[in-house]
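First subunit A sits with subunit B, and in the next complex the same chain sits with subunit C.
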Partner chain A sequence: MRRRRFLELAGVACGALALPGCARGPESPPPGAGALPEAPLLPEELRGKVFVARGTDPAASLEAAVDAAGGLVFVPKGGTVVIKPNAAWARTPEQAATTDPALVAAMVRLCLKRGAGRVVVFEHTIDRPAAQVLAMTGIGRAASEAGADVIAGSSESDYIPLEVPRGRLMKRDTVARILRDADVFINMPKAKQHSATELTLGLKNLMGINWNRQAWHTGPDLHQYIADYATAIPLHLTVVDATRILLTNGPKGPGETADPREVIVSRDPVAADAYASTLFGRRPADVGYIAKAQELGLGVGDMAALQVTRV
Partner chain B sequence: MMLTRPLIAALLLAAAGASLAGREDLLKVAPDRINAWRAVADATVYGRGDGIVDIYNGGYEDYTRAGVTEALRRMYAQGDRYVEVTAHTMTSSRAARSFLADRYRLEMKAAPPRGAFKRFAASGSGSTTAYAVEGRYFLTVVVYGESEAARNQALGFVKVLEQNASRLR
Partner chain C sequence: MRLARRVSQLFFLAAFLWLFALTLGSVDGSGTGELRLRGGVPADLFLRLDPPAALSSILAARSFVWPVFLWALPVVVLAILAGRAFCGWVCPLGTCIDASDRLLSGGGGRRLVERSWPRVKYYVLAGVALAALMGSQAAWFLDPLPLLFRSLTLGVFAPVQWAAGQLSHLPVAGAAAESAFRTVLPESQSHFRSNLAALLILTAVLAGGVLSRRFWCRTLCPLGALLGLIARLSVFRRHVSAACRECSLCRRDCRMDSVAGRGQVNDPSECIYCYSCVSSCPRDAVCVAPAATTASVPLDLDRRRLLAAMGLGGIWALSARTELAGRPTRDAASRLAGQRLIRPPGSAAEEVFRERCIRCGACMKVCPTNGLQPALLEGGLGGVWTPVLMPRVGECAQSCSLCGQVCPTEAIQPFTVEEKEHLYIGRAVIDRSVCVVWESGKDCLVCDEVCSYQAIYWKEEGGVRRPHVDEVRCVGCGICENNCPAGGPVAAIRVTCEGDRRSWTREEQRRWRLSNLVQERRSRVHAAPARSGD
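Then we have the complex of A and B:
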């Protein structure tokens, strides 16, 4: 990446980058005040339905899959949408460790077209500084040019306490403060190999809206933590980026990649992950958190019960 | 009970001292400047034990299981190029050599060369990674490119890190 290009991207990312920990106004409630709405159980008619579009244009694939899934009917006019891509690492899009920026931008545009009043792209980057990571991934610029606010939750004060009453192992944790203001939450993971959890997909991507990831990794059962956490997150849509996937040396790479050129859309977060796991030659049961999420009633993880619609 | 508190305090101080010393050593391997390269401000991450999760996230267990005790990651910039460096301290030079061989098998899908094998480079998907060992230090350099020039750049950079590490032995 050329320096001028990098600095340009970094500038865009910094310019668009809100740092809530620094910029919070006096009108904001103190840490701990308020809470997320209770995460509703997935309606029966949405369970197990997965929509898969394949093609060389990620934006076109996304639009086709979202249309097939019934559109963004859950986005209220003037409402706030929070999108969580995987932008954790200082990696370029071709390295397949982060969500394709074209896909993130396309999602932003779809939400605005639907009537959203504000779209926020949020990430708690692992590499730092966050502005550099968002620049290198291409997501900072792509999202802001599409009309989103880009927020990097780099400070503990960017998170609020979260109760996890349906969790088996986890009973409380933290969640990005911005989600308290969201009417809609859309998860946009990158499908990739992960040395600790076999694969990182949608449910795993939710770790990036929590403050202390280390506690999960060093705890007794990472898979159960991932599934437990998802029970407390009001999630409206999962869009798995499988345009290019990372096959080895995940989650950061660099490693071997493959190009399924697929965009996977589902209201059922477990079904989205279950289908995505097959792109790696795995069964959903090979990924511990998928089975545990199904046990918790979050969705359908059994391939035989999935309804996959190809568009 | 009266002896317990001073003992705990001494142990905590010793642990903090060891951590500080370990970080300082790794900063000598990957200093603020390497020739014309400068470390990017605020992009340095250090981890010790389970703290290595700050560098590798879920991948960190592979490193700790192999014997990595500490690691330091830095991003360097020179003109229009960027390079990512990670220096790892391992439990022994033997563990470092073994880990290098493991990485070779993983990346090259082949058995590592016999003899004094201490570095290699692998390219793919827009990047080149150079791996090397020097004593108990395991070193990686990621360059954003797959060309021959990128490979030479990665290998050249990792050789400088090896020289820096050799002075710590």
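Then we have the complex of A and C:
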């Protein structure tokens, strides 16, 4: 090979490396346009309605509760569903720090049965490596065997900027790139005691579809940030895993656990959290972000106004 | 035979690169989530085979490790049989040099090497040996196998990964490329300090081809020098039959310049059995046979230079041993000088660790969080390129034991995940002037959230839950520092080597933990839940 030919080839190769990056398009949305569709306000008829199923088989409980809640009517044929479980920690399912893999798998199957074209289980793990976390929690295997793509957002490039126009304190943050392609977003938190926020439930579980969750703690008010962020996320369903809950040493554990054997399903993210808080002998008012989310109109956080349906 | 040699070279280079690529954790498929070396192969095989690295590591650390010693023997045995055949047939750096020589010399070999230069490698070896005898390991800097592995880890691996990441954005071939790369690349982009420095050293070694072929191997390589010394006893030697007409073609083609005179004389300390002379001989007069009677070339070392080199080695050793960072910690009363000299779990006590470590970089390559970084000067000159944990970059992941599995010299001794709860590599301390809870009363406790060992507890003071560190549970893994939201590059909770107990045996550390553990220190037990299971 002649030197000139070599240099030409090298130049072309370097140029080629730059091209795919350009093909991704601009990182930031143009001003005024959100990267995600604007999160719709929750219709009045869905507010405050919580469906709780109890039993030893989480899959059966989930199906019963989802049916009672009206089914997955929001899943379009061939659409993409993103599920965000809590798979943050390298802990086993028995330790109750992460969402029950059987429940995640059951949700994936329900979505596929309903006609979803693609189901993605997404998590931004805190423990690393993510592959290990997904293996230890059992969620990686359970979800992919049920037919989902499992994505661990371990790089900053997996996230895109997000405008939070309805936030009181938070105006901008980031969100998983995959949500841009999603028609439906389902939040599947684990109900756990939490050192900083008392309890971690659905709204808190949204910390983990963004890139820099640590930064929220340095802000003026963590609870307000949690509530603010939820205003920008088009969320269709919350499924709180309370089959086994973590009572101490949360959120990572290991700690004491209890087995309420409940699966909580609601279209109203605030109501789901409000109900779940009672499993810990707490009132919704004890958890700062529940009240603040209600103030922002995200749902009903008042125990008295909740309509709990047991199935 | 020349073809066989080339095949062998390519095979071993490929094997080296393959093992390099496999120096990577993969999650056990059985569902336990255990992290293992990909492929289950001894990824540090080549590094273990390296006699000068092994011997100087053993000598300098004053601690004999049987496995390290035994692994180095095959190459010595090979040298007794066939001198520097390792250099010509196996050494991956030698193969890289052959390749770059081809590019640089444009075919015709240049010979800008004085007759005295090849002796320099013996001076290097003498300096390294004396330094090791005096208790400081200096082989790491020039030893070819650690040098190549380190340069690849620090200087090549991350750029390759980056380029692969760019390719994966390709709309068409992207997915295929990504899945191909995913098997040999970690899940997120690696970054290393001093990457260019490591790469420049490798480049300089390869650029020796401008002066002559195999410049590095002939003049500087300490491994080549050691094998060259053993080669003087070697069984197989180059033999020239009576058919030789002294045309000197073999001398022209000898890349090591080991053939002298008119082709009759061969220096066994230089010959790497490349078989170029055998193939270039028009009369088939050259062969390699056992105990052939070719006259031996005297080693002819310059005594003054030898002494000077040993003097340098001695000065290095004395300085390294008396450097503040190398101060012994065996009595546990003296502290490590560098507050941030956090070593991987399983590491030997500092003064042993730094002499055993051959700076190959395998631990940094395998670290799943990228937290193991090469030390610059924080461990003194004698600690350059040893692994340090930089928690702000990546923590020591709780369920990982990979660095102990790849360390070729047991500077990091193998350990289990269960043992990590009493392998004290440091301790977190909270800087209250930076902590957002202590300083401004915000809700945080991320350190407590992420702690794998439940070593953070909080006390409610003035309506604020303030974090404290439990010094018995904290082993210094640094996950708190990694996730601490405060302070930009400097976290409010930082691991220091205050709690480093590497100078204790593992059993001592285990007992200390058990006897000092306060069970009910934590103030967080909730009221019983309203409803529990049936």
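General observations
Here, the second predicted complex is superposed on the first by the 277 of 311 C-alpha atoms of A that agree within 3 Å, B and C clash if a C-alpha of one lies under 4 Å from a C-alpha of the other, contacts with A are read in each partner's own complex, and residues count from 1 in each chain.
As a working rule, contacts are C-beta pairs under 8 Å (C-beta built on N, C-alpha and C of every residue); 3 or more make two chains touch, one makes a residue touch a chain.
None of these values were measured; they are calculated from a predicted model.
On the superposed subunit A, the two partners subunit B and subunit C do not both fit; they clash. Using the contact criterion defined above for the overlaid structures, shared-chain residue A:194 touches subunit B and also reaches subunit C. With both structures placed on the common chain, the touch criterion links A:127 to subunit B and to subunit C. In the superposed model, A:251 makes contact with both subunit B and subunit C. Legend: residue contacts after superposition of the two complexes on their common chain; A:96 is shown touching subunit B, with no touch to subunit C.
When the two complexes are overlaid on their common chain A, residue A:141 makes contact with subunit C while staying clear of subunit B. In the overlay built on the shared chain, the residue A:214 is in contact with subunit B and with subunit C. Subunit A is touched at more residues by one of its partners, and among subunit B and subunit C that partner is C. When the two complexes are overlaid on their common chain A, residue A:285 makes contact with neither subunit B nor subunit C. In the three-chain superposition model, subunit A touches both subunit B and subunit C at residues 90, 126-129, 132, 136, 194-197, 214, 217-218, 222, 248-249, 251-252, 256.
Across the complex, subunit B is touched by residues 1-6, 88, 90, 92, 94-96, 126-129, 132, 136, 194-197, 200, 213-214, 217-218, 222, 246, 248-257 of subunit A.
Note for the complex: subunit C touches subunit A at residues 25-28, 31-33, 35, 163, 166-171, 174, 186-189, 368-369, 394-395, 397-400, 436, 442-446, 448-452, 454, 458, 465, 479, 483-486, 522, 524-534.
Only residues 40-43, 45, 50-51, 53-54, 56-62, 73, 75, 77, 79-82, 84, 106, 124-127, 129, 142, 144 of subunit B touch subunit A when the two sit together in their complex.
Taken together, the subunit A residues at the contact with subunit C in this complex read 17-21, 23-24, 90, 126-136, 138, 141, 152, 154-155, 193-197, 214-223, 245, 247-249, 251-252, 256, 258-261, 278-281, 288.
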